[in-house]
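As structure tokens, here come the structures.
Next come two complexes, and both contain subunit A; in the first it sits with subunit B, in the second with subunit C.
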Partner chain A sequence: MALLQISEPGLSAAPHERKLAIGIDLGTTHSLVASVRSGVAETLVDENGQHLLPSVVHYTTQGHRVGYEAYQDASKDAANTIVSVKRFLGRSVADIRHNWPSLPYEFVNEDAKSVSFNTAQGIKNPVQVSADILTELRGRAEASLGDEVTNAVITVPAYFDDAQRQGTKDAAALAGLNVMRLLNEPTAAALAYGLDSGQEGVIAVYDLGGGTFDISILRLNKGVFEVLSTGGDSALGGDDFDHALANAIADNVGFDATQRKQYYRHLVSAAKTVKEQLSDSPTARLDLAFGNMGEIEIAREQLNLLIEPFIKQTLRACRRALKDAEIGKDDVVEVVLVGGSTRVPFVRDQVESFFGRAPLSSIDPDKVVAVGAAIQADVLVGNKPDNEMLLLDVLPLSLGIETMGGLAEKIVARNTTIPVAKAQEFTTFKDGQTAMMIHVVQGERELVEDCRSLARFELTGIPPMAAGAAHIRVTFQVDADGLLSVSAMEKSSGVQADIQVKPSYGLEENEIADMLKASMSHAKGDMQARMLKEQQVEAARVLEALQSALAVDKALLDDRELAVLENTMADLDAAAKADSTDDIKAAIDAVDKASQVFAERRMDKSINLALAGQSVEQL
Partner chain B sequence: MGIKVSDAAATRAKTFLQNRGSGLGIRLGVKTTGCSGLAYVLEFVDDLNEDDEVFEDNGVKIIIDGKSLVYLDGTELDFAKEGLNEGFQFNNPNANGECGCGESFNV
Partner chain C sequence: MVNYFSLFSLTESFDIDLASLSRTYQELQKLTHPDKFAGGSEQQKRVALQRNSQVNDGYQVLKAPVSRAEHLLALRGVELAHETQTMRDTDFLMQQMEWREALAEVDSAEQPMDVLDELNDTVDEQQAALKQRLSSLLGQPSQGNLQEAAESVRKLKFINKLQREIAETEERLEA
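Then we have the complex of A and B:
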């Protein structure tokens, strides 16, 4: 008979309509799946009672294996064992080669903008590898929940860009999962502690894993978590503690270079064990059987000294993140610890003294993100009576389009809460213009060349009209997962074009930070550049209009008048090519003045035409 | 007759209630849906209704409405594990047929 869970009052599901949903923490080194059962959010275990699933997939000619088994294969068959695939989502081969020069994988097309590995199971891309991990977790969830599971909330780092988020969604679709929402990892951790119903204010999420460190500053305002800033180091984590301790042990027992090299792997795993023991007791004993060096004792203080430089480094990143968010330490109302390395007591102490308050650490820091995702999934699938938690996130960078002169016109401002839809009207620049190129850009700078290009598409079939007469409505829509679609429509004819933005490859978190910083440090120069470009565009527009008028009505001017006008036009043309905003402005004024007579005569002529042949009574 | 709660079910039910932080007890009930006619209801209880009866066994308060009690009298609430799956089940002497999945039954 079916096994039942306790529901909230009045929310018992009809048979075969149980509302199941899972939360997945798709991590770089480990992944977890959690679900809410009888009101309790907990991570689900595999047959061996393990909560963590190593994010490793081993492809053989027979099939593939995921998790611990695959992890053990990594050293034997490195080329077919994809480890930490999350790093590769939404990246180009060049990017990956640059960041990790010594990977054992065979890439299919070195020039491609997205990555594919050549494995014993054929060609696999990061989305497929991620899907294999998700399928494994889904299977575990179905075995644990006793039913089919399709609805999921999956967490992603706060700094993931559109391409990386889309990659995660694609992987979920391949794994047969319906992503109800992608949730930022720090937001999930805050949710696990129920901070969404707590005090409003700034929350710092300190996430120190095995190989990565992330600090996120969130602001909770009316139930909405806003990411104020992110920072960190993608190559700093508990593994560094292990290596430092391993080297110290080798020094301590007097290993020479050869022994150190020979026993290094043993040293590192021994160091890891010692580190874990020191989290619970002040000293740890280590039997160095492999080097015949007998037993040594290591005190917590020794470990603390060794890891202090790394922790200082994380705190520097915290300071920077606070500064980026323009808030002080005193504004932080809660600190949340995430990641296995925050179990080290010294890390907790240092974080506590940095922020001046005890961090939240009662939930297992390895599981806290998955738990938060499960809580969110449970709400989204409709298992809570008061569906008040409508979690929103914000855009990390502004989105807009390129306008004449290479200017970036922002349509959706940075830090806007998503989902959002915004529209703005644009018009044509030339008479009879029938097509318009829409160039979608991301960033804070005024000039397109300083922003990041996301996509281009063309709106064609605009009916020929005078310059400025067409109304083209450009709509930006960002869904709850941070994915962007842009559409453009010419209003009189209804012709339309749109695009889904899946950028070719991603931005790193520090690149986002750099882009933000650049926009501040270049603010003045950018404004001047913008004004110059605007004047240049205006100059081109004036010249364009005059030239087309002259082509029709040159006869209205005598030779002398024409020469004067053409002279001022030549001056304006020259000024527009130089870079003085004021000169261009002056030249435009001069042309305006010189063309006044011409404009008046054209006006007379068109009125005459309109009136010709009509009697006074008719008017 | 009445309602029994097994040790395993009592331990779990207490934990879940404690975790939830509020609630008078657990409601058992039946409703008329499902492929075999009737389906079980298992919910937390915040408010008592007029026709509710309250039982207590093994330290757990069980709330059943009068109509459901007809179908549930003598039932033992148990907690079981089947592989990785775990949850509550109704050992109901009144049920004499279940659908293949066991989510609904008839009497």
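Then we have the complex of A and C:
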């Protein structure tokens, strides 16, 4: 485990010491994990040689099972088998009831803003269910790579909002994973094909899964990936093909309504088999043992006719996405296929004739997203110090705040390159007012009620002043993963306001902290010892990094600043030798504060050096 | 306030080389993007996040003439953001109203596209003239020149809005 590795940015550890990192495609129907080994990104298999892990968790009184076994249980114990949990992340019960009215689950509180299921294993929320899937994948990776794995890149749909991204990140934390980056699924697919090193231009990613369809239009410009637009249909996919074919088979053999109902599950699974056979050969034979109907033969053309309406629907979404991106079909230089349903030859043909070019399909469309995530994970963990590639993501949905009359005022527009920070000034409207509430929403519409509520930020600790005299500067910071944080300061006094975040959907920070604690509580005995050890390691890491930085750049600090910093470092050194975890934490914080200016100046120095070099080159 | 000109090592001027701005932007991305510090300390990540946010914002601000002029004015103590100052140049306002009327009546014109083309040309002309004026005003920043530059920026904002509306009408007519 390479916990103690410290290297300056740009300088890697010894070349033979590859650091482990994984890419995870946390999908709606199934999930995968991949890693770069001997320079090749590949998906990792379970002990039965399976690449795909069904995103299904079955909770029993004894414990839980994830994947194929859980999938088998779904029909027998539906209420305790959570299927496609990704749909529920960052959503309210009301949302879910609205979209999927007939789910077999028992929700704990119908009115709650966050979802939890009552299962045989107790109350579970979507973050915990997702964490169980991630833990399974992490275990698979560790078995396969033969070492502890913590660093991961996890993919999310490009249109995921803040609450859904935060939910994914929380799940990873629960699974003991350090998320180096949340990566957009279409960007990952493009990366898997190495499009970052190829030509520049517009790339369309066509993703047809079992139950969802997504189209993303990306622009590649000087090693920078930008999502221009996304679209799709969250209730359209290969499953629709199966149902259409199942009904056609029933018609063909003359099933009456009762037989159809009786044998429906067999019909659907037969249809799935036929569909898969037809991907490889022009006709398929099927023995309908269940209805004593004997053997029937189905031609590819018959399937094509049945699925044509669904494909037309996807192409209409493509047309809309191109329009949103303000580009034409001719601007598209590559089309990438993602999702198992793109194996169907007719889908490929139709996509090809729509875009006027053959889509890229050499990588298994089920694995392509995980492969791209693994490539990015390998870069981020530092195994490719010479890699110049940079993935610049954009904010998928505009961020705004609620103003008078229920209007949403945009603070950061969609498609702005992230990270980004925007400051906005507010003033008090009552004498002595010490608190205010800011409601942040996400979406493109003008009315707050048409946007998605993200969170309410309550600012407290504003120094009491006359109405209008306090000027509160609120900074909205969006990080590289598209996640928002807010800070606030009263300008004249410099007083930092305290902020409590009340997320509109999903879990509050203390709930996550409690879940993390609970997940570790089974090992309470050595937990404290472990935490002390971790803090001591962290202290050593901080001190060593600072000492080597000071050895080079001491001159960036004046004598007083240097004395203050060295004092806090001495305190930390002393604290690290004692055995109080809290003291070490406090001392680390003090060093962090005292060295902030130093860190900023070092970065500015490296910027100035590089830019000076650049302008010399241009002379 | 962050001086974006110095962040991008440019001289404080309205006239900048956009190609060099874009090159410097790519360079600054490589130096400050948080992904480049994925294995670094929390502090390094934090500093990178702050600097990189400034790089992204600075690029947007410097790229567009109006925001670039606004930033330049702000550096000289003339704050235009969120101002409530109204336009005093009545001739300019009358002109704007005429153009808006022309745009509103375009549907009933015999050759609406021709009318739009003509309107586009006239508006573009005024925009170019204003930009040139801005460049010379900001080149010799006396207090009076700064105030006049601020007025030019306000006018440019009007014009940008009008141009967006013309484009929308064009799109609507083509559809």
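We adopt the following convention: the second predicted complex is superposed on the first by the 417 of 619 C-alpha atoms of A that agree within 3 Å, B and C clash if a C-alpha of one lies under 4 Å from a C-alpha of the other, contacts with A are read in each partner's own complex, and residues count from 1 in each chain.
Please note the rule applied: a residue touches a chain if its C-beta (ideal position, glycine included) is under 8 Å from a C-beta of that chain, and two chains touch if they have at least 3 such contacts.
Owing to the predicted nature of the structure, the values given are computational and were not obtained by experimental measurement.
Peer 1: Tell me which partner touches more residues of subunit A in the superposed arrangement, subunit B or subunit C.
Peer 2: Greater contact footprint in residues on subunit A: C.
Peer 1: State whether A:R181 touches subunit B only (first), subunit C only (second), both chains, or neither.
Peer 2: So A:R181 only meets subunit C here.
Peer 1: A:V381 contacts which: subunit B (first), subunit C (second), both, neither?
Peer 2: In the superposition, A:V381 touches subunit C alone.
Peer 1: Identify the partner contact of A:M603: answer first if only subunit B is touched, second if only subunit C is, both if each is, neither if none is.
Peer 2: Touch status of A:M603: second partner only.
Peer 1: With both complexes superposed on chain A, which partner does A:V420 reach: first (subunit B), second (subunit C), both or neither?
Peer 2: second
Peer 1: Based on the superposed arrangement, let me know which partner A:I123 touches: subunit B (first), subunit C (second), both, or neither?
Peer 2: In the superposed model, A:I123 contacts neither subunit B nor subunit C.
Peer 1: Is A:V40 in contact with subunit B, with subunit C, with both, or with neither (first, second, both, neither)?
Peer 2: first
Peer 1: What residues on subunit A does subunit C touch that subunit B touches too?
Peer 2: Residues 5, 7, 9 of subunit A touch both subunit B and subunit C.
Peer 1: In the complex of these two chains, what residues of subunit A are touching subunit B?
Peer 2: Residues of subunit A touching subunit B: 1-12, 14-16, 37-40, 44-47, 140, 143-146.
Peer 1: Flag every residue of subunit C that touches subunit A in the complex, lowest number first.
Peer 2: Interface residues on the subunit C side: 7, 9, 20, 23-24, 26-44, 47-54, 56-57, 59-60, 82.
Peer 1: Tell me, which parts of subunit A touch subunit C in their complex?
Peer 2: 5, 7, 9, 19, 180-181, 222-224, 379-382, 388, 390-392, 416-422, 425, 477, 479-480, 541-542, 545, 592, 595-596, 599-600, 603-604, 606-608, 610-612, 614-615, 618
Peer 1: Show which residues of subunit B lie in contact with subunit A when the two form their complex.
Peer 2: Contact set of subunit B toward subunit A: 12-13, 15-16, 19-20, 26-27, 29, 31, 33-35, 39-47, 80, 82-90, 98-99, 101-104.
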